[in-house]
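Both complexes below contain subunit A, partnered by subunit B and then by subunit C.
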Partner chain A sequence: MLTFVVLSVLMIVGAVGVITLKQPVHAALSLVATLLTLAVTYVTLQAHFLAAIQVIVYAGAIMVLFLFVIMLLNIQGDQPQPHFRWMQIVAYLTALLAAGAIAATAFLSPRELPNAELMSEALAGGGAAAIGEALFNDFVLAFQLVGVLLLTGIIGAVSLVQRKATQTAKDERELSGV
Partner chain B sequence: MLTLNHFLALGAILFAIGLYGLLSRRNLVAILMSVEILLNAILVNVVAIARFNDQAQGDVFALFIIAIAAAEVAVGLALFLNVFRLNGVATVDPLRRMKE
Partner chain C sequence: MIDSLLITFLKALLLVLVLLGAFAYMTLIERRLLGRMQHRFGPNRVGPFGLLQPIADAIKSVFKEDIVVSAADKFVYFLAPFISITFALSAFGAIPAGPAGSFFGFNPWIVDLDIGLLYVFAATSMGVYGVFLAGWASNSKYSLLGSLRSSAQMISYEMGLGLSVLGLIMITGTLNLREIVDYQSGAYLLILLQPVAFVTFLISAIAEVNRTPFDLPEAEQEIVAGYLTEYSSIKWALFQMAEYVNMMTGAAFISTLFLGGWRGPRFLDAVVPGISEWPFIWLILKMAIFMFLFIWLRATLPRLRYDQLMRFGWIWLFELAMLSAIVTGAVIAFVL
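Our next item is the complex of A and B:
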């Protein structure tokens, strides 16, 4: 319980940092803190493999992408132009409403729920073996499709960022002396 | 005693924070980071529910969410680079032209 409270507080502080800090680099580091505490939370939920994936993919690969783009763009934080003053209030209200609705649904649920101590003893899943078995037996098609999606995403990202493909082709032809 | 409700509440709080960031920030990269918080709020729920209901499928589902998030970030950041190239800023303001 204490672990959960400490992790939750760290996670929420990190998340608030992401949306309040003006410097994008600070916000990105705050996001790293949130993602890492989330990984530790997965460990407490016996999802060891997922925790490793969270650290490698989220806190590793995705955050590196973010930092690269922040460096490329050289962003100096949000410009304080109050174009939509009312938007901030709407954002507050929407967020509060969503939090209230989800929390109400969670806590007013009439279903009896088992407690974590009992369940964690009963469970042996969460390791790579259990996930692999489910992934390659029941979800092979979805697994392949996610692979195709990732490939499409990579090709799309590269083709979007590429600048003046015809120009580079011409340069290369000139360089090769044709 | 730790119950599923605690994890769902944590997910709700994270989701609300992400939603606020999504609506209030104007920097495109900050908006994408808010989307990441939203996705992670969902992930907390998915993993916790899977764990409390004795199912390995939840972990697989979470794995797919992470993979799709990676693809989404790659494409999104590439788009933002183009927005920056065309307009000199990476905020939502120049994108107002899209409604014309």
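Our next item is the complex of A and C:
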């Protein structure tokens, strides 16, 4: 229980850091800290597989790409953003609504806690086998749909950064001095 | 037998001390070997055969002036070397070095995780942050360029590592490093079953620890010393430590996955009964082979260009690793 409290406090501090720190790199690092604390929380729940995947995928890959973009664009923290001022109100409202919804689900309709013995049996061995079976039997359609979705995203991104073929050819001719 | 928390802690401390000691002497071995390969002597003045050189180096780097760039992001600048060394040291913990209870009655590993393989991946993938943040926090263009390059390289080749072990996991059916070693003693060494994956894994591992011919982060002709440019004194030494510890982890990881880990060749049992079950010695021997290979490569190969590195990774290495995994899966599904 104590570990859980310490971890949750750390996680909340990290999450607050993400939205309050002015320097984007610091904010991103704060998010990394939050994700790592979440991974540790998974470990305390015996979900080793989830914890490892959390670190490898989110902290190790996705956040590095975030930082990559921040550094490449050289975003500074103190730039004014007048175009987005109306967004603030919308953001506050959305956040309030979301917090309300989470609180309502958590407190108004308390779910029965799952059987601890069943849980630990399923998670024995770090959970890799259990997750694999669930993913590739019960949720195989959803799994493949997500795969297609990600592929669509990648193709979209590639086609967005692709320059027109004629343009490229022209540039190359200019570069080679013909 | 489950070790108590205190024992685990003490073993981890011991491992850290051993790894750091090994780091100190690896620098000497590397310099002597490079000297030999390049027809010169290498460091041989401090003590017999230069054996006290690492100690002299350590004293020097501790007492050197620690210069901090005034425009640096101080917090991240201090944090980066510690991230590097922490994750480098923690990755080694899951690798078993002998049979259960063989270390004075204790188990010769720090943690016996069912997802040991993923644990090593997770710890090494966090190591990218050290390099990445060092370059950014230094607030210098060469540092930033160096760190962008090296993190792109490390993320790319991490995928090569992951794809290479897919087939191996399919064959052994476990992510536990101890069980992977046991599987190899019951059946064949995995290098025989997965030769292509072994090659792609080895190449990716060399790229992952930033060794020649993939040491782009430190291409001194182009970007001075990359992310290390603005670091001096002990913080610089911490990055060096992390690099060597990563090399050792890589060597131990490859030995465990593909070469039977801590077990020795069985035919030697006919000469000395039980020698193949001796702890530590076989793992250290196998690691030494790979460490020698890393140094040998450094003395032999020129550095790749950045575009060559990326093209090689994405066009050749991944396809090969993927193909190997698909073929393995197909054989398991349809032939066996």
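We adopt the following convention: the second predicted complex is superposed on the first by the 115 of 178 C-alpha atoms of A that agree within 3 Å, B and C clash if a C-alpha of one lies under 4 Å from a C-alpha of the other, contacts with A are read in each partner's own complex, and residues count from 1 in each chain.
Criterion: a contact is a pair of C-beta atoms (placed from the backbone, for glycine too) under 8 Å apart; a residue touches a chain by one contact, two chains touch by 3 or more.
For clarity, every value in this text was computed on a predicted model and none was experimentally measured.
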{"item": "Subunit B versus subunit C as contact partner of A:Leu72, first or second or both or neither", "value": "both"}
{"item": "Subunit A residues touched by each partner, larger count belonging to subunit B or subunit C", "value": "B"}
{"item": "Which superposed partner A:Leu10 touches (first subunit B, second subunit C, both, neither)", "value": "neither"}
{"item": "Which superposed partner A:Leu29 touches (first subunit B, second subunit C, both, neither)", "value": "second"}
{"item": "First (subunit B), second (subunit C), both or neither touched by A:Gln46", "value": "first"}
{"item": "Which of subunit B and subunit C A:Ala61 touches, first, second, both or neither", "value": "both"}
{"item": "Residues of subunit A that lie at the interface with subunit B and also at the interface with subunit C", "value": "49, 53, 61, 65, 72, 125-126"}
{"item": "Residues on subunit B engaged by subunit A in the complex (per definition of touch)", "value": "1-27, 29-30, 32-34, 36-37, 40, 43-44, 47-48, 51-52, 54-57, 59-60, 62-64, 66-75, 77-82, 84-85, 89-91, 93"}
{"item": "Interfacial residue positions of subunit C with respect to subunit A in the complex", "value": "73, 76, 113-115, 118-119, 121-122, 125-126, 128-129, 132-133, 136, 144, 148, 151-152, 155, 158, 175"}
{"item": "For the subunit A and subunit B complex, residues of the former touching the latter", "value": "1, 4, 8, 11-12, 15-16, 18-19, 24, 27-28, 31, 34-35, 38, 41-42, 45-47, 49-50, 53-54, 57-58, 61-62, 65-66, 69-70, 72-73, 75, 77-79, 81, 83, 87-88, 90-92, 94-96, 98-99, 102-103, 106-107, 109, 113-117, 119-120, 122-123, 125-126, 130-131, 133-135, 138-139, 142, 146, 149-150, 152-154, 156-158, 160-161, 163"}
{"item": "In the complex, subunit A residues that touch subunit C", "value": "23, 25-26, 29, 32, 48-49, 52-53, 55-56, 59-61, 64-65, 67-68, 71-72, 125-126, 128"}
